[in-house]
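Both complexes shown next keep subunit A, but they swap its partner, so subunit B is in the first and subunit C is in the second.
Here is the complex of A and B:
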């Protein structure tokens, strides 16, 4: 299944990029992310609660950031396993200036297996789009919150 | 004297208990102290098992045992009965141990005091998989570059087989024209309403195992499970209670059947496994699954010269009981109901990372009929002839039977013109074609599809069957005159309790209600083969008939003794023995029966009792046939199909109970509509089963089915004394091509000559709208 889209967020590109590779920000913004721990250079282990329709559960995931070209590009690779099955995904994020804001263009592919695939298949695309929406909404609030902080903090 | 019932549409005696919910399926059998088994199944289509950790599962309260592949290594392999030259047979074990080959492959089984505890424990088993690349499409998987599923073979090609007679090259060369067409038969899920289920109980004192299982073949299953478990066959009792449909999916021996027996023997407690619907979609056999290439040669006048069918047959990752044999049935039936001088089939059986395919209602024959009927339509379209004319042109005449085909069969009897004419008349075909002209002028998409089919039934002569093709019956007249029939052809919805009772009742001059038909318990019923291949009545019913003839012979001798006349003077009618040597004297079958049992006065050297057993071995298959006509109109706005008419004329030989015949035809046509319009087992490109529930796998529902106008002709079979041919699969064989043909015909104005099933509204809408846009 493919996910793609573009999201404009009102923050300068350099700040935006820094946020997008910051595990603390990612943990806050990724829906259902309860825990994110660094396991290596740009490698994290995460605990995610996620569900598709009636199929819900906890996934233990590894997250790695690859091909980092600041402040314009990186690749996000996620592999999660849990009781409802498995999720594998990789996505590329490209950031471009849009005046004082940033356009985040994302494109990715997600594969699922197990219960999620056999029961939730028809809802996965909608769920993925919804999760992407929530991620960027959280990211937007996060950026707003960061902008309000004193510059020297 | 009871009224004769053979040939009459009497109501099924099975139905009251089914309708009232009083029937007993496997899950309705409750034994004290029963444990419940739940399987952990692979979520990957192809992976290596690096480790399995069952510690947490075993600690869960209520859990009694957790078994993995290592633990059950002593259980013998799941059997495959098909014998083909150079067949590569994978070692198919009850549980996966080193690799998983399909989504749904059983990896571990949890046994617990309750089903919910077992289910919870399954979630606690941790399996570390190393994913492997998948081979999914039967055509691509045959390629040398494909990932290989069974490494020991170095290829996914399970076998290659060429069959057919006549010089195909010369035949295609001699044709005025040859048409080629790629054709798909998608995988289908049989979806019996009752999923599989097994209850096992081991009696350690007696060292006997009783297995209740939902199967079409109780005796064969017993033999095979006994072999898998390494136990004496006569210590295993297999009981098949009510079976809620099989459609071929229970013509099998499954790992779960042996496993439950084994577990019960380990734990000395009853253990039950009831398959869930998602499990049923994943791990009960699928049907069809062929990608083929047709070449049909023909003369300008429509005479066929030769047919070649090169086919990649999707085996799945393992063989179940008959997996590799199914495409051979396709090969046998490629002549359809036509004279084709040369026929060749080249089968490539291919392993894929999917559940096994096997027999699904029709089992290889729907594919053959679909190939031939689509080919005939292509010929008619090319020659701009009426499809009916092209068919008629190539029929053998009724006086040409037994008719030999270039596939090596002898069709027993037939009158293809008769069934076609009757169907055309019922449908008012000429008027339909006129209506179509009008519709086209008005811009409406009306289509008419005609299929004339022949199928192979009453399977079959033992020479052609892996485990014997005969069937058995024992008929007893009890001391009170009640009749007990024991049949080896254990039914699963065919209504044998009614039809066999009709045969027995008429032959013995008693009422249908005086006859009880017992089946499905290997401790009660003599060895039998089972119900599949439209054989129940034509083979099993014949065994009942023949057992009764033996029994009547003995009864006649007793009657002669009691009437003090010579046995040669005795005749039997309407339940009474009379003698030409003793006018006015008679003795009833009940009086004779009582005499046989009290045994005070019997002919010298005659044994008491009145029972006889027959094992009927048919000398040939039977070949039912018919014509199906579908009339559709396609909604241009939505691509939806509206059936305007559906006419079917089927000839299954002599009908014992026309109501049962009608029921079989109805069900078959409905399943055909499912295949033609809705159904398709879909695995995604990772081998995940997308159609994993009945929300995603589209079965036809009552509202989607038009009124079915049924007719019949009756051409008796010379193969058995009943003259019956069999009708269990006719609907799924004759209907699918008629429906597709009608839709293709409706879309002919768009230049369409062939479409692959399922013909979903989306597919049709795209054709209609793409072409319209192009024209505009």
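Here is the complex of A and C:
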């Protein structure tokens, strides 16, 4: 299953890229990410509660950042295993300047298996799109919060 | 296929159910028929610690006319809607929707309130509720809160119900003038859910469309009002050309679902064709 899209966020590209590879920011923005620990260079283990509405599963996941070319490109790979099945996803993010803002263009491939895939098939695509939407929404408010800090202090 | 262990409490009154929900909060789920909740629990996709059953609260099961509205209690079963003489007379869209919903077991046990509160993206009721401009009454310790259907369905499996609130009643505004209604669906052969479901509620006067409600389910992550279809009808004579031109806008501005059974492109085509058919049937029933 593919997810793709473009998101414009009102923050300069260098700042945007730094945020996207910052585990503290990723933890805040990945929907349902409860904890994230560094296990190696650009490698993290995470606990995710993913789902929609009251239907949820807990996943133990590994998150790794690959092919980092600052400040324009990297690949985010997430593999999660949990009681309701497994999720494997990888996404390429490309950042380009859009005036003082940044366009983030993403294309990803998500594979879901196990119980979730067999009973939830009709909702998976919509869920993936929704989670991607939530990620960028959180990222946007995180960038706004960061932009405010220096002015306030 | 065996659920995680849970406590079961059969509430004797709505007040008791509200206070039980206030006590157990997120650990609790309301059981209102259970034809979505129990399968999810058996698969352990949902593991509530407490089930609060509304099944024994008789005062939540009714269909009546009051204050110029139709009022349907949350625990009214699909079968009761399907066979209600009152509804067949004044709001045939609801029985027509119920007839096409699930299978006999689901219709006998499942409830309109349970289905609407669960808000499955392919459930049948949301289409009809939207087309009819219904209101949803949520109740909690703070009293009743009336929510418009158009703001009730937030996203897939998520509604505007707040923690502690229980869906109590569905209210349908009384119709004015000549009305014509229809529900048509493409039924998923295995689950019975709507691959595409279109509910239409038309009102006309002097051959011109006065108001149009078009609710569509199954197409997008949540059921929606097809605003561009409605605006293509309002004020116009409901001839074949107008209906077909309006129906072409059935999937305007929404994300379209894609799954093993139907690709987004196929679903969009189905939505257009079934919206046209629903409009034609509803227009032919104007009286």
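Convention: the second predicted complex is superposed on the first by the 146 of 153 C-alpha atoms of A that agree within 3 Å, B and C clash if a C-alpha of one lies under 4 Å from a C-alpha of the other, contacts with A are read in each partner's own complex, and residues count from 1 in each chain.
Basically, a residue touches a chain if its C-beta (ideal position, glycine included) is under 8 Å from a C-beta of that chain, and two chains touch if they have at least 3 such contacts.
Worth saying up front: this structure is predicted, and the values here are computed from it rather than measured.
By the touch criterion defined above, A:122 reaches both subunit B and subunit C. In the superposed pair of complexes, A:83 makes contact with subunit B and with subunit C alike.
Looking at the shared chain after the overlay, A:130 reaches subunit C, while subunit B stays out of its contact range.
Of the two partner chains, neither subunit B nor subunit C is touched by A:5. Ranking subunit B and subunit C by residues of subunit A touched puts C first. In the superposition on chain A, contact is made by A:52 with subunit C only, not with subunit B.
Residues 83, 115, 119, 121-122 of subunit A lie at the contact with subunit B in one complex and at the contact with subunit C in the other. Note for the complex: subunit C touches subunit A at residues 29, 40, 43-46, 48, 119, 121-122, 155-158, 193, 220-221, 255, 257-261.
Of all residues in subunit A, only 51-57, 83-84, 115-116, 119-127, 129-130 touch subunit C in the complex they form. Partner subunit A is touched in their complex by these residues of subunit B: 43-44, 103, 123, 278, 281-282, 684, 686, 688-690, 692-693, 695-696. Against subunit B, in their complex, subunit A makes its touches with residues 83, 85-86, 111-115, 117-119, 121-122.
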